[in-house]
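Going in written order, the chains are labelled A, B, C and D, and every chain counts its residues from 1.
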Amino acid sequence: MKNTYRIVYNCPDQPGIVAAVATLLSSNNGWIFEASHHSDHEANWFFSRLVVKADSLPFDLEELRRQFAPIAERFKMKWQIIDGNSPRKVALLASKGSHCLSDLLDRWRSKDLDCEITCVICNHEDHRGLVEWYGIPYHYVPVDKNDKAAGFAKTEALIDQYKADTIVLARYMQILPPALCSKYRHQILNIHHSFLPSFVGARPYHQAWQRGVKLVGATCHYVTEELDQGPIIAQDTIHVSHTQTDRDLERLGKDVEKAVLARGLTAHLEDRVLVHGNRTVVFD
Amino acid sequence: MKNTYRIVYNCPDQPGIVAAVATLLSSNNGWIFEASHHSDHEANWFFSRLVVKADSLPFDLEELRRQFAPIAERFKMKWQIIDGNSPRKVALLASKGSHCLSDLLDRWRSKDLDCEITCVICNHEDHRGLVEWYGIPYHYVPVDKNDKAAGFAKTEALIDQYKADTIVLARYMQILPPALCSKYRHQILNIHHSFLPSFVGARPYHQAWQRGVKLVGATCHYVTEELDQGPIIAQDTIHVSHTQTDRDLERLGKDVEKAVLARGLTAHLEDRVLVHGNRTVVFD
Amino acid sequence: MKNTYRIVYNCPDQPGIVAAVATLLSSNNGWIFEASHHSDHEANWFFSRLVVKADSLPFDLEELRRQFAPIAERFKMKWQIIDGNSPRKVALLASKGSHCLSDLLDRWRSKDLDCEITCVICNHEDHRGLVEWYGIPYHYVPVDKNDKAAGFAKTEALIDQYKADTIVLARYMQILPPALCSKYRHQILNIHHSFLPSFVGARPYHQAWQRGVKLVGATCHYVTEELDQGPIIAQDTIHVSHTQTDRDLERLGKDVEKAVLARGLTAHLEDRVLVHGNRTVVFD
Amino acid sequence: MKNTYRIVYNCPDQPGIVAAVATLLSSNNGWIFEASHHSDHEANWFFSRLVVKADSLPFDLEELRRQFAPIAERFKMKWQIIDGNSPRKVALLASKGSHCLSDLLDRWRSKDLDCEITCVICNHEDHRGLVEWYGIPYHYVPVDKNDKAAGFAKTEALIDQYKADTIVLARYMQILPPALCSKYRHQILNIHHSFLPSFVGARPYHQAWQRGVKLVGATCHYVTEELDQGPIIAQDTIHVSHTQTDRDLERLGKDVEKAVLARGLTAHLEDRVLVHGNRTVVFD
């Protein structure tokens, strides 16, 4: 949101955290626009996200960070303060399937995604015209199965070149190398075409059809070194019946995939997703 | 929740509210177990609910209220502090249909509803044995259509006698008199067998069938003087198709009704529902 | 579906209908690929849709129609037999909002919509580049509020020129004149940005926000002379909470709109929607 | 449904099946009240369920079966014809948890379940008073962990004594011996407190919480010799968030469990569930 700062932090739980932060703000007449808190009592961990009106404060972002730092240190916080005027820089990675890519591009054009889409990187040429119509650079980076490292190196170079801080695997059908997953920890979002942890791995719709399930689903999660095991951000399911073939399940599943990916990405872009261990807090 | 205090308040929005409350607590070493905040920017109104561990404070509930009062006055709060050890006292009102009644009784017995069910008041004798098996007093209070006032007077007397603070219309098929609705403002919950504001009034499932809708729903709301117009607490819908008759819609609708009523009542019992105007804030 | 015929009919219910049709097919060794039947016992009306493998029959479509005609006459059927190799010809009408348009174009390109999109008619220039990238003719037809008839006449001429048999109002923000609605009876699909019959008319998301509903929905229906009153084909809802503004409801509602419109259109294109009075039968 | 016959069959798919069955009925002036067909093209298998008005036929059930038999033989059908006036005889098995038991009893009393509940068999005494209030015999059959066979033998004897044809595991926390599962093949329904195939085995809500899923679900399936692997009849899920503990997931999950079990059982009682291999066809 324009003209706001987002203060996002998490730390061991103890009395006094909210008071310290709120007092810093109120003593400077800061207006809290949104406030979300969560205590995980099993992990004894506290999570918080505040949105403050920038012009209610008598100083700038740097000064806010400077004054916040001692509180952060006192409570051993992992923290950041984000300028709401600086949208995140996103790189979209895609393959042949276009439903998630097309959906995200339209949301972005309609101003329903608060970010800059810096580039689309695709291991096929198929979507160049579409992407370029939106005014976004398109990079065809094939991943040769006999030399995957070359393709991933080029991908990584592009991400760096565009200074992307968020990478979205919009049905990108390649498994990223572990080093890349580590480098962009909690910055890479994937949409898995199944209700994880069911049907991990290949052809989940066929697996689902064979098992005769009455629902298919999709999962948006952060990518970690371990395939399909990263922290879950959003999930949904849709009812299916015996009348659907596995091809139909795939078609219906696409609707869930694009909706769930967009929901997860929206939360990420607004810094609503906080990760602790392998679990997420996603503030509404 | 046992051994907690729930601080619930709402007031005009302005800087400093959270800081004042949090500082009162932290300066007494109070442990905030749950915290929820919401700012309605259209109404410029602030809502908050805090759950504090009772034994983290060096004083009792009366002293907490005494110390909270000046803050409440300063910010013009509507407020209350509830003792988590004192469950709410509920009166259930029912008619012939048993699905909501039976559902709530089982949840209560299973300790999934944190309340005392003080009595069941019914305008039919049908459920006496069931209710008494649960150890709950059963009162048969017919409402004669030529003298409804008598029935409602008796109902009101029972509610007073049992000191009930929450009245649940568990498919009670009588329209309460306006005076009773006013007396128990935001304390009477109804389950409307439709997705309000659709199909207000009689025979909503038949109306829905005739309109050929593809979903039926239910709405839990507070009862106000104006029929079916009170603040909405919870809603849900279920898919239906041409294969269902209006009798089938009614049967399927019952499932939604009992689930939605239980969800709304659970939120109410935990003081998660804050009302401002005709809209609710329902904290997760 | 390729190489199939779809036999779709409805008529007063009586014994012998299925036997007559099935015997015609089986006596010619016809293979029924899909069969759906429905009896509306309140209206005493029978609905059926059969998909037959074309090459299982010893004759062509014209001969099938010729042999079917006496059965249709006997049972007073409204009927048609559609060649699965001849996809329907669709005209998309749109305004400034792109979410439904973009969604349908991607589904069509991905071969998830079995139709020919003959043209896009829009009362704004905004989407020309996008639509033309898909290789579809784009017609800018403004509707001047002081002379709406001229715009609608041009729209109708285009529909005729492209021989479109299906018209999709993909968030087209104009109300079609009654004569056009009559001419294309049960051929014009609209997506209404609300769960009909709630919030008929303008600004439904604002109405929904003001009423404080906990769900927003969308309805796909055939357009009739009476605004928002046509037969309902598909509906869905999504949960919302107090944290959402009316702008957020609109954004979330778009997801439901595009999913519901696509679902309704898919059913229409496969001749799964049968209308009787103001109600639909939608075969899975 | 009263005064109807249900003809249910499945067989290898080929032309002429529907015609043969429909002609038998129509030549006797039989009125088909409901008709459902499904072709599984991967298995090349045909499934059908017809509901015929009993008094439209000039003969009784035995004669209908006699005339149907040659058709069944010709098409190698697995088939049965059920008298709609003879509700199925159900045995409910339960443990300490009451939510499914209580829910089914209320549905039965409200005439929303078309069956006879012959008895409740429970490995705890807890629910005797409740069950007996409904006028249903209650049998306390403990399952001693050092001699499970004795408990199961007694259970089997009771099922036989009551001539139950349907056994419902309403959160019965014991694993039935394989021989019992085989004996009542496709007659034992279980509700699994998870969205199968996720979280097979013990403590699924804790598993779900640990994995940080954003949905919990439940699955109604037929019990087979292989634990949690039988044909799935119905499934559903519900959204959860970080605010819920595993105890909360369990509480929310119960709502899904009872709704899904009731849905699966209703379909079973109306002979809407046809099994082929490990997959079901569930006709609406």
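By our rule, a contact is a pair of C-beta atoms (placed from the backbone, for glycine too) under 8 Å apart; a residue touches a chain by one contact, two chains touch by 3 or more.
Given the structure is predicted, the values throughout are model-derived calculations rather than measurements.
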Remotest chain, chain C as reference, centres from CA atoms: B
Self-contact between copies chain B and chain C, residue sets same or different by half: same
Whole-Å gap between the CA centroids of chain A and chain C: 35
Distance from chain C to chain B - Cα centre to Cα centre, in angstrom: 41
Residue numbers of chain C (touch at least two other chains): 41, 239, 241, 243, 284
Complex contact set, residues of chain B against chain C: 38, 40-42, 195-199, 210-215, 217, 231-237, 239, 241-243, 245, 278-282, 284
Residues on chain A engaged by chain B in the complex (per definition of touch): 14-16, 18-20, 22-23, 25-27, 29-37, 39, 41, 56, 239, 284
Of all residues in chain A, those that touch chain C in their complex: 97-99, 102-103, 105-107, 109-110, 112, 129-130, 133, 241, 243, 251, 254-255, 259, 262, 284
